[in-house]
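Look at the two complexes coming up: subunit A is in both, with subunit B in one and subunit C in the other.
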Partner chain A sequence: MDNFDEYQKFMRYKYGAYSFIFLMLLIMINYLLSLVFEVQWAETKELEFFLLISIALGYFIVMSVYKGAFFHQKYTPTVYSAIYFFLGLMNIYVSFSISFIKDGRVTFNSIMLINGVLWFLIPAAYIIREFVEKRRDKNDIEEK
Partner chain B sequence: MAKNLRLKTARARLDMSQQDLADAVDVTRQTISAIERGDYNPTINLCIRICKSLNVTLNDLFWEED
Partner chain C sequence: MNQFDEYQKYMRYKYDSHAFKLLLFLVFINFVVGIYTDFQWAETSGLEHLILSYIAVIYTVIMYIYHGAYFNKKQNGKLYAGLFFAIGLLSLITGFSPYSPIIVDGKITSNIIMLLNGGMFLLIAITYLLRLYLEKRKNEKEGEEYYD
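Right, the complex of A and B next:
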């Protein structure tokens, strides 16, 4: 965490805690689903947990990028966003050539798609943030 | 939290962009932006670094007036 400034650290701790609480909620809901309705939506329980963790991780990534706390101070976000965009695109493209649902259950092949989506979230959140900031700066100038 | 317009004014007086000030105090531009918007309360260490960079006192920038 040495390469992050105090605001970035604060944001990462804050959204790290939120993600953890979110993950706990997801795990509880999933547990209740399997307890009450005996529902199993993925091939194995381990895969279910992995996918739930991916959702919480996705939330953390999106919020960190949006709050400007994802990239180190010395990194160039544009370059890394472009790399993550192509990584995500490649993973998503490859994942569509394999089936990730079998007998109504999510299979291990979905990991590729989830990976792709997680990579893809970084540039997506970054672009949205840039757009929002530009609009905010424009409003600030107009206010003057 | 209210916007910190005094920080913005002090920065503009020295013709510094958010990025210039961020580089001077070793933080990201987003941090300076968050302080100016009033979204983030900086630590006293960062307040001092900002004041030194802008040649002003803590009172000038961060003391709340009634």
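Right, the complex of A and C next:
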């Protein structure tokens, strides 16, 4: 964490904490659902858990990129977002050739898709951040 | 979160995010072990995950207390610690009854939840006492240095 400045550290802690609470909530709901109604929406319980974690992780990634706390000071975000974009695109493209729902349950093949989406979220959030910042700058100049 | 001051908020965020990382790490190890060896240490894998999340929650709660970020300014820490101590002791005593075995066929059963709950409450009280003791000793030392 030494590569981040104070603001970035705070933001990372904050959204890490929120995603932890979010994950706890999801786990609790899922556990109660499987306990009371015996619902199972993925092939194995491990996979269910894995997918829930991916949701929380995705939330953390989006929020930290959006708040400008994902990339180190030394890194150039545009290069990294481009790399992540292609990684995500490749993963998603490959994953569409295999089916990830069988007998109404999500299979292990969905991990590739989830991976791709997680990679893909980084450049998407980065572009939105840049767009919002640009518009804000423009508004500031116009007001002046 | 409004009843906490800035330092407490920072500590809460910090140890929550550490717990998030800890949980991801634990789940990853559990996942890998489960894939390669088919080893299952609890009755259902849902229970396994519940226990792992308990570990993460207990970690974050202990760290809150140790850094003085669990109780807010208006709460009386000693009163709550005493209450938690009693609750923890009660659930531990009832948790250890012979009618609800914790381990069956080498696998943990869902009776462990009661014990985990009790353990968490007890740990809250113990950590609070430890913190009080350490603070007192620190103050004494500082006082001695001041008067020397």
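Keep this in mind: the second predicted complex is superposed on the first by the 144 of 144 C-alpha atoms of A that agree within 3 Å, B and C clash if a C-alpha of one lies under 4 Å from a C-alpha of the other, contacts with A are read in each partner's own complex, and residues count from 1 in each chain.
Heads up, the rule we're going with is that a contact is a pair of C-beta atoms (placed from the backbone, for glycine too) under 8 Å apart; a residue touches a chain by one contact, two chains touch by 3 or more.
Remember, it's a predicted structure, so these values are computed and weren't measured experimentally.
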Just subunit B (first), just subunit C (second), both, or neither: which does A:E133 touch? first
Could you look at A:Y80 and tell me whether it touches subunit B, subunit C, both or neither (first, second, both, neither)? neither
What is the contact status of A:F20 with respect to subunit B (first) and subunit C (second): first, second, both, or neither? second
Mind telling me which of the two, subunit B or subunit C, contacts the most residues of subunit A? C
So, A:G68: does it touch subunit B (first), subunit C (second), both, or neither? first
Taking the superposition as given, does A:F10 touch the first partner, subunit B, the second, subunit C, both, or neither? both
Per the contact definition in the header, classify A:F50: touching subunit B only (first), subunit C only (second), both, or neither. second
Partner chain in contact with A:S34 - subunit B first, subunit C second, else both or neither: second
Share the list of subunit A residues that count as touching for subunit B in one structure and for subunit C in the other. 10
Which of the residues in subunit A come into contact with subunit C in the complex? 10, 12-21, 23-24, 27, 30-31, 34-35, 44-46, 49-50, 53, 56-57, 60
Provide the residue numbers of subunit B that touch subunit A in the complex, in ascending order. 26-31, 33-35, 40, 42-43, 46
Quick check: in the complex, which residue numbers of subunit A touch subunit B? 5-8, 10, 67-69, 73, 133
Contact footprint of subunit A on subunit C as seen in their complex: 10, 12-14, 16-21, 23-24, 27, 30-31, 34, 44-46, 49-50, 53, 56-57, 60
